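Take a look at the structures listed below.
In what comes next, subunit A is part of two complexes: it sits with subunit B in the first one and with subunit C in the second one.
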Partner chain A sequence: MKKNRIFIIGFILPCLLALFVMYLYPVVRTVAMSFFGIESVTSDVSNWTFNGIDNYIKIFTSPTFQRAMRNVLIIWIIGGIIILSIALLFAVILTSGIRFKKFFRAAIYMPNIISAVALATMWIQYIYNQDYGLLNQILSTLGLEGKNWLGTDMKFWAMLGAFCFGAVGYYMLIFINGIERIPADLGEAATIDGANKVQQFFQITLPLLRSIFKTNITFWSVNCLTFFLWSKMFSPVSTEASTVVPVVYLYDTVFGTVGNVQRDAGAGAAIGVVLAIIVGVIYFVMNKLLKDDDLEF
Partner chain B sequence: MSKENKVVYKEKINWKKEAALLPGYLIVIIWVLFTAAFLFWILGASLSTSREIFSGSVFKFESGFHFENYINAWNTGNVSVYFLNSLLYATVTCVFVILISAPAAYVLSRFTFLGNKGIKTSLVLAMSIPEVMIIMPIYSLTAQYHIRGRILLIILYILLRVPFTTTYLLNFFASLSRSYEEAAAIDGCTPAKTFWQIMLPLVQPAIVTVTIFNFMSVWNEFFMALIFATSTETTPVGVGLLQIVNSMKYTGNYGGLFASVIIVFLPTFLLYIFLSEKIIAGVTGGGVKG
Partner chain C sequence: MKKKVISVLLAAAMVTGLVAGCGSSSGSGGDSGSSDEGGKQYDGVELTYWSMWTSAEPQGQALQEAADAFEEETGAHITFEWKGRDIKNILSSALESEESFDLFEDDYTRITGNYVDYVADLTEMADAAGYADKSYQVFNDVVNENAGFLACVTEQPSVGGVFYNKDIFDDCGITETPTTWDEFMEACQTMKDNGYQPMALDSTYAPFWFGYHLARTIGEDATADLAVNGGWSQNEGVIQAADDIIEFVNAGYLADGAPDEYPASQNKMGIEQNVAMVVCANYVTSEVNQNSGTELNWGLFAYPTVENGADSTSTFAGANSIAITSYSENQQAAFDFAMYIVTGEQDQNKADLANQIPADPNNTAPASQAGTTEVLEATDAPLTWNMGLNENADLMSVIQETVVKLYEGSYATGADFAAAMDALY
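== the complex of A and B ==
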């Protein structure tokens, strides 16, 4: 028995250490940092000055942070509607008995497995290019005038479009998984009762996908809050108001920007805590919602 | 059984049924064609000169195939450095994560001890914590102890992948029959030896899947690298590509840029071509409990 205990401790210890060093200690320290005035991330604890909720007041009154939250909200609502509806449409098409299902599924999911930096570069340097870009070529074939997609007014939407293209496949896979778990005899019974495909979709498939929708919405919400890479790729050198998101604002606050050496690690920590709390609330609310309908089929 | 019947039935083309599916075919075919056209254009552009790209004659290859774009990007564009860094980070991480996570997943799934449940919950929590909550203390900690360079990123990537890998392997160990251990114990095999020689090989398929995910995740990682890769020598492909794009304004070498994009994109793409079924099954099997 004693030997067994040593064996268990030996096996679990590296994993526990990883949890402690990489997660527990940093999270506790970040929460603490958010209540202190700290200039540089690397400053020693002795140089921290306690300032209560000043950091939170600072970020919530900062126009950049407000803009960042607004951008994320737009991404969440509009991007969410676009991505989830296209993903659901593809999932329904691919489960309708179509040929080459596996090929289509793999091709649509593909953007998720390649480097997002490479994908973003392809969109920025090719699709949205003003001179030889695909989008302007399509527009000119249709007799419409091309646009500068990466100008200040269009940049946010260009970013959102490119991001949606890459994200659809993941949510589609989860929808497909949900649809395939619905027993086929439900559909057969409905067909016998004279329900057509559209009726079947709205009366049977959609209600049974409720828990899948919750999973997808949770993932999507968390994904939005930690949105960073695409914003960075669309404004690579200096942050622009049109594409700023909270994590970019945090990055700039903590590590400084080009031409602005003023840094504030305390405020950065406060942003991190705010984001983590929102993530926690999302999980909590979604779990509560999921509890009251334990649909088993 | 019923699946086999279905396949046989499907081989006879039912034109009426196919016609009803036509709108569906059209929608997915347009989407996939768009993806394909766009990848082929990038491939074409990577073999063209900047002038050809700007005049819109990418697929004519009037001045031949410019394979030197790749050679230049690899040598003078630092792509070789980024590529080898990413390869190093990804492979070392994959090996060490398994060495940490597989034993932990095994004891968590097979033995009851104080804190077992707590550790499992912590692992799941760790996966959902935004990275922005951990980077600042890690940054000051590593600066304080002068940990920097490649080893820093390797350590961070290993630790970052532990919660996912452990949680993923847990269910596979739990599904194995106890009779293996009982038989081994009767033969006088120690628990540790039983694990390494009998139990670990039994979950090999799960280890392969989780290693593919770990590899792709480290290869495509961007946020940590942006913060912790402070010199060109330690930069992996993601951040490296961003730097190539940023320096484009001065070099104007579009052919080289697209060649770099292809080089960065190729490893995970090739993995996907051969293993897409396994990857897709892993996404829906591991991530969703619904």
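== the complex of A and C ==
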């Protein structure tokens, strides 16, 4: 038994050390950095100057950070409603016994295995392009005037639409897994009792998907707060207000931008801490709101 | 027993893997300038070069060719690490931890601003090599002013202004490039009357153009001050500059769809060949040629002056440059290789391959860069990127949006634009 314990410790220790070095240390360092004035992210501690909560005051009074938070809030709420609704709809359809289920499932999921860079390029160059893009071609065919989909007033929504297109499949798969877990006899019993498909969906499927909703909303929240690549693709040379999100603001703050070499790793750390707290709060709220341990099936 | 043996072996394999994964590659070795068997100047010297290019890009190919030729001549072996444009995100950390590399490339404002404590002073070596006669003084002056010493050598100069299709100008009978805003507007009207679209504009370069116009009107320092502190509405020059742009847009001189998404509008210069000009830096010419598969007859003229303007001569000029780490053990060999790249035959080769301005003024610019070297030679006080509009890092993105809206026709008057700018503070 004693020898077994030594082996267990021997195997766990490297993982534990790796966890401390690669996870806990950066977290602690980032939290500490957020209270100091630091130019370079890897500056020696001797070069740090204590700032108190100035970094937090700076980011919360920054119009760009406020805009970034507003953008991500809209992505979270409106994008979330669109993506989770469509994902749930597709999941219900694909688990209802339709033909070619595997094909449709693969087709809807496919954008997730294509590089987001390629996807964004496709949307920007081939769908939103003013002159030969798909949308304006359709409008032209209908005799309507084309639009600058990537102008300042529409760019955010263009980015959100393109992102939603690629994200549905991921959440759909999780919903499918949740629906398939529900015993078929519940539906059969409901059918015998006279419930139609819509009633079965709202009275049986939805309540039993509560834990899946919690998982999906948590994943979606984390994805929103780490939203980066699509924003970069829709503002390729320099960051634009219409598509800025917190992680892009963090990136620019820490590394500087085109034409401006100012860097502030302390403020960058403060942004990281704020985002981490938001994720924690969302997780806590979801756990409180959607309890999944009161239903057994 | 058997299980224990397997467990020990697995644990040993894991530890070995960890140790191997964490190990660093051997750094630059050899003594500077030593020559033992081959008799070449740098036999046995190993240099590591962190490049902002990739090996597939023409700049990367030119660098590799230069390295091969340098090794043939001097015996020094250069190992490239192709970091790409994101090199700026890792350089600080790498330099602070004295990672083993000898040379690196980046924008010279970052070298002289962010990495200045970790780069070698090249002044003496440059003097000995006669670098002043093989480089544009304007960049050396900026480097010396920002860093306090020669912190890097210019590898890829860039210059901004109005790049135009000479064939369209010829077709419209415009024999003299415009020098004032009024002449510029007249030229645009002539082009429009001849069925051409005068100006391409992608939204990402809108602040560059408007920054130029503001710099001509009120000067770069005043623009930078406004960007930091606000007060745009109190400055008559801002209102006048915005009114000029509004007049330009309302006259229909922008290309169809402009301001467009980069690089759609500038590409029209090559694809449709009915768009005459673009306000940008010189790399726009090779981008358009490459994207459209054409070879336009490019020309460049300085951004027009405005009446009673504060600055009628300054030009945007920037550079990607090569610096040498302060802890490199082979600084002389590294400097000699840097000089090998940025002067003479290899510099010409790089300029031709990558369609860029040669770093050595004694070399000849490729056709797509026609006129750039003359503008650079005439520049002594370069404007920065976006001419002061970028001075406020925290407001850059919202300022950019407001400027793009100016070109989208969202403001009826310059005063409206100035008020919108002030609302950002």
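Just so we're on the same page, the second predicted complex is superposed on the first by the 273 of 297 C-alpha atoms of A that agree within 3 Å, B and C clash if a C-alpha of one lies under 4 Å from a C-alpha of the other, contacts with A are read in each partner's own complex, and residues count from 1 in each chain.
Assume contacts are C-beta pairs under 8 Å (C-beta built on N, C-alpha and C of every residue); 3 or more make two chains touch, one makes a residue touch a chain.
As the structure is a prediction and not an experimental result, all values here were calculated from the model.
Undergrad: Putting subunit B and subunit C on the same copy of subunit A, do they fit or clash?
TA: Clash.
Undergrad: Is A:Y283 touching the first partner subunit B, the second partner subunit C, both, or neither of them?
TA: First partner only, subunit B.
Undergrad: Counting touched residues of subunit A, say whether subunit B or subunit C comes out ahead.
TA: Looking at subunit B versus subunit C, the one contacting more residues of subunit A is B.
Undergrad: Go through the superposed model and pick first if A:S115 touches only subunit B, second if only subunit C, both, or neither.
TA: After superposition on chain A, A:S115 lies in contact with subunit B alone.
Undergrad: Taking the superposition on A as described, I'd like to know which of subunit B and subunit C A:R263 touches: first, second, both or neither.
TA: It touches subunit C, and subunit B stays clear.
Undergrad: Is A:D131 in contact with subunit B, with subunit C, with both, or with neither (first, second, both, neither)?
TA: both
Undergrad: Once chain A of both complexes is superposed, is A:F7 in touch with subunit B (first), subunit C (second), both, or neither?
TA: both
Undergrad: First (subunit B), second (subunit C), both or neither: which does A:L94 touch?
TA: After superposing on A, A:L94 lies in contact with subunit B but is clear of subunit C.
Undergrad: Let me test your reading of the model: by the given contact rule, A:P63 touches which partner, first (subunit B), second (subunit C), both or neither?
TA: second
Undergrad: So, does A:P236 touch the first partner subunit B, the second partner subunit C, both, or neither?
TA: A:P236 contacts both subunit B and subunit C.
Undergrad: Quick one: classify A:V245 as touching subunit B (first), subunit C (second), both or neither.
TA: Once the two structures are laid over each other on A, A:V245 reaches no partner at all.
Undergrad: Running through the overlay: 24-32, 78-86, 312-320 or 402-410 are the candidate stretches of subunit C; which one clashes with subunit B?
TA: Superposition on chain A puts subunit B right on top of 78-86.
Undergrad: Would you please give the residues of subunit A that touch subunit B in one complex and also touch subunit C in the other complex?
TA: The answer is residues 7, 10-11, 14, 41-43, 124, 131, 236-237, 255 of subunit A.
Undergrad: Give every residue of subunit C touching subunit A within the complex, in rising order.
TA: Where subunit C meets subunit A, its residues are 4, 7, 11, 14-15, 18, 88-89, 92-93, 96-97, 109-110, 113-114, 203-205, 256-257, 259-262, 264, 384-386, 390-391, 393-398, 400-401, 404-405, 408, 410, 424.
Undergrad: Going by the contact rule at the top, pick out the subunit A residues touching subunit C in the complex.
TA: By the definition above, subunit A touches subunit C via 7, 10-11, 14, 39-44, 62-64, 67, 124, 128-131, 148, 150-152, 235-242, 244, 252-253, 255-263.
Undergrad: Any idea which subunit A residues touch subunit B in the complex?
TA: 3-5, 7-8, 10-12, 14-16, 18-19, 21-27, 29-30, 33, 41-43, 89-90, 92-94, 96-99, 102, 104-111, 113-119, 121-122, 124-127, 131-132, 134, 137, 170, 173-174, 176-178, 181, 211-212, 215, 222, 225-226, 228-229, 232-233, 236-237, 247, 250-251, 254-255, 265, 268-269, 271-273, 275-276, 279, 283
Undergrad: Looking at the complex, which residues from subunit B come into contact with subunit A?
TA: Contact set of subunit B toward subunit A: 17-18, 21, 24-25, 27-28, 31-32, 35-39, 41-42, 45, 53-56, 58, 99-101, 103-104, 106-108, 111, 113, 119, 122-123, 125-126, 128-141, 143-144, 156, 158-160, 162-163, 166, 190-192, 195, 216, 219-220, 222-223, 226-227, 237-239, 241-242, 245-246, 254, 257-258, 261, 264-265, 268-269, 271-272, 276-277, 279-280, 283-284, 287-288, 290.
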